[in-house]
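One structure is given below, represented as structure tokens, and several questions about it will come after.
Letters are used for the chains, namely A, B and C, taken in the order the chains are written, and counting of residues starts over at 1 for each.
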Amino acid sequence: MKFSELLEELGKGEYHNSLPLAPHCNPNITGVAAIDQAVSGTLSYIEGAKYAKFLTQTAATALILPLDETLQKTALDLGIAWLATDSPRQLFAQSISLFYQPFHPEPGIHPTAIIADSAVVGKNVYMGANVVIQERVKIGDRACIHPNVVVYPDVEIGHSTILHANCTIHERTRIGAHCVIHSGAVIGAEGFGFVPTPQGWVKMEQSGCTVLEDGVEVGCNSNIDRPAVGETRIGSHTKIDNLVQIGHGCQVGSYCAFAAQVGLAGRVTISNQVMLGGQVGIANEAKIGDGAIATAQTGILHDVPAGEIVSGTPAVPHKLYLKASAITARLPEMYQLLKQIKNKFKFM
Amino acid sequence: MKFSELLEELGKGEYHNSLPLAPHCNPNITGVAAIDQAVSGTLSYIEGAKYAKFLTQTAATALILPLDETLQKTALDLGIAWLATDSPRQLFAQSISLFYQPFHPEPGIHPTAIIADSAVVGKNVYMGANVVIQERVKIGDRACIHPNVVVYPDVEIGHSTILHANCTIHERTRIGAHCVIHSGAVIGAEGFGFVPTPQGWVKMEQSGCTVLEDGVEVGCNSNIDRPAVGETRIGSHTKIDNLVQIGHGCQVGSYCAFAAQVGLAGRVTISNQVMLGGQVGIANEAKIGDGAIATAQTGILHDVPAGEIVSGTPAVPHKLYLKASAITARLPEMYQLLKQIKNKFKFM
Amino acid sequence: MKFSELLEELGKGEYHNSLPLAPHCNPNITGVAAIDQAVSGTLSYIEGAKYAKFLTQTAATALILPLDETLQKTALDLGIAWLATDSPRQLFAQSISLFYQPFHPEPGIHPTAIIADSAVVGKNVYMGANVVIQERVKIGDRACIHPNVVVYPDVEIGHSTILHANCTIHERTRIGAHCVIHSGAVIGAEGFGFVPTPQGWVKMEQSGCTVLEDGVEVGCNSNIDRPAVGETRIGSHTKIDNLVQIGHGCQVGSYCAFAAQVGLAGRVTISNQVMLGGQVGIANEAKIGDGAIATAQTGILHDVPAGEIVSGTPAVPHKLYLKASAITARLPEMYQLLKQIKNKFKFM
């Protein structure tokens, strides 16, 4: 694809670009690459000072640049075709789609798929080999169910939703439209409900259900459990990475992002646009406000107000965490100094 | 179900209840709900001060209350039918079972299940689509094996045990009666046994086996590995949540509960009734005594005595952890103060 | 097997052994066992002071000892057959293989395996029940693909590689020779790539691929994601335990070992022979040098130089961590002492 064609494809917004400045600069673009791995012919991007240094070293033929005239001038001098935007990463995401179409099987039901008579399957659905669809399941139009997926009874799958190979959807789960459930994920299994008694554990049956609203993604081998009563709910467009645990009865808002290995205990309430770093843990019934952020490995025991950034275990405001962490390394010298003071002034 | 019938069904013990006090108060109960989500017609429960505040707000028609006369009086005044017990949560667990029966397929072998000739399958077993049962496997009566489960050779599955869809049971594993293995769990796979040598890793074959005693539950996508020699063993009625890792050769006692994302390295020994919070990690060969508790995210490097509660990484007694954590937030001011003292008194 | 035969089988090196000293000492060896679980007839081993104490208590009939004449003398006195080496554990690993052959099915394609016409399958391959092999997949000679594995299009699997039951290999992944992918693992699924915009998350298509070089092992329910562009790569002979997350675009070297529940965020670079303890987390784009070690639960935010041992969150050199941790328990007394000083000298 010529660079000029690429500009046209991306050209829903207005971008500065090098063509008016250098009309001869209209190379052929054959693919996309990271700035530090780019080869000749590829389009790459620069976002952030960390990557700006690669500009003079890259073999990329074209670049998406930030709105930075110095970088643009350098690119021009180097003979690199460029366009500029205030969000290079986002435009790069769009560019990938010009060169790459994800694997998406054609509609059709594989003869080995096993579908209960009472199930209702929409139009233009793909169902791969060995898929098992149990009683009274409803599957929306254009859903894509990869091989070896098992769907328990009374599940609803919205239209255009993708279930990847070897995932399992348990009874009564309702998954919205345009969701993606990745391989090995388990949605709607029994919550961990055991009541301690003098005679041992009494199992609390998990009679509730799990609801994923539209546009939710759940990563590989992640689990979202159903509760004893009521619902576990994941709000629309929330994105969940791999190996995440969402306990029974959690209420998660919309447009959140949870990194890998996050764990939510039971009945945690999370508002909208909350970001949780990798391996964050949240204790039973904690409430997290709108737009709060927890950095990786944070352990949250109590409520977090809207907009707060927290870190550490137990979680504290991020700025305090940074200060306290910096001093932790000085604890040995603090301790020695205190010993000297104690000896000198004869404290007990 | 009338409230009076519900009382009769639950009435194995002796409960105080509102009927003698308010014989007209015999509403129809149509379901169960959490106190803060209850709608008219439902039965809910209150346990702990945290939930008592919901009494005046709830729409529940009936409640299981603690042995607290003030709450009981308030319920009566509000026209809410109630019964009281010293363990509301346990009685609520029993109540759920009056309104809800978990999905449990009828006995029968799906025609696509593949069963080795040398396998022995008990009576009244359910086996779903695409189940694979390999050589010399023995399956007890009334076992329930959901679709797409794979059982490797020489495994024994006890009676009334449930294997959920897409779990995998590896060679020589012995699972007792009344166990539940949830979707995606892997039991008895090879332990992580590699010996470092100057020529690289030498693989130590994992010739041992994995044993789950009666009444064990293993959560979704959890793993229990087999050892190089001997056994990995999980004691009876121990409950393991999702995404838990139990390394090769661990010996776990009875009636323990491990929350999600717990990790036990190799040859850890855990006694009875031990409780581990979410994301707890335990190092190789540590020994944990009867009834010990580790709070969430604790990192245990050394033995923990019976009855101890530990927290933090590295784990310390919980009370000390609370004190030290509270002071961590004051480290910056402590550091500043020490600097002043140092300057004033000219310490080095 | 007679002890003398065992010596012969192991005898590629030169070992001291008890036969010349005690030629009558040639017992029959029937199996292998851990030193503290050994029964009569078994071979065990001692490595490290921790296990030396078991020498006088063990019921083992034969032992692999370190090059320690005191232990050897004691064994002789106790009538235990022994051999000695500078690496008892390694020799024990070899000994296991004399008594145990891991389950490895005979070559052959199960009739229920579903193989796309365009797939190319090598010689002497085993393919179990319900395996699904999609378009243009290439499978090397002697590969062993257990039941219910799903392989997406355009994957390459090297010769002699084992895919355990219920694992999933996503599109374009290239797996080398002599690799082992354990049950439930997911290789090459989409990385977690969402660009935040005022209109919500924009999905960045993950057009890259995942490469596992020869001799890599990936544990149960672990995930290795593919990137937006370029490769995620795991170097030869790197061993990865269960429930590990490797994010999109990570570059991992050779001969590394990652314990269970490790998490690598996106574009982490790890050099050769790096060891990560259980539940270690590494932040986006951090670089870890040759031979570095992170102890369990370490949280790495920044680069770690070659050969460094790090601990804690945020990670610091291990020795400093040990000192600081020891003092953490003394924080309450330090705080009290500082309060006294402050009061006495009237600091603010």
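Assume a contact is a pair of C-beta atoms (placed from the backbone, for glycine too) under 8 Å apart; a residue touches a chain by one contact, two chains touch by 3 or more.
All values derive from a computational prediction rather than experimental measurement.
**Student:** Please state whether the interface between chain A and chain C is built from the same residues or different ones, using more than half shared residue numbers as the mark of same.
**Tutor:** Copies use mostly different positions to touch.
**Student:** Upon optimal superposition of chain A on chain B over Cα atoms, what rotation angle is obtained, reported to the nearest 5 degrees?
**Tutor:** Between chain A and chain B the superposing rotation measures out at 120 degrees.
**Student:** As a quick test, compute the distance in whole Å between the mean CA positions of chain A and chain C.
**Tutor:** 27
**Student:** Hunt down the residues of chain B that sit against at least two other chains at once, touch-wise.
**Tutor:** Answer for chain B, listing residues that touch two or more other chains: 112, 130, 148, 166, 184, 221, 243, 261, 279, 312-313, 328, 334, 338, 341.
**Student:** Inside the complex, what are the residues of chain B that reach chain A?
**Tutor:** 32-34, 37, 50, 87, 89-90, 92-94, 96-97, 99-100, 102-103, 110, 112, 128-130, 146-148, 164-166, 182-184, 219-221, 237, 239, 241-243, 255, 257, 259-261, 278-279, 296-297, 312-313, 325, 328-329, 331-332, 334-335, 338, 341-342, 345, 347
**Student:** How about chain C: which of its residues touch chain A in the complex?
**Tutor:** Its residues touching chain A are 112, 114, 130, 132, 148, 150, 152-153, 166-168, 170-171, 184, 186, 189-190, 192-197, 200-207, 221, 223, 225, 227-230, 243, 245, 247, 249, 261, 263, 265, 279, 281, 283, 299, 301, 312-314, 316, 320, 323-324, 327-328, 330, 334, 337-338, 340-341, 344.
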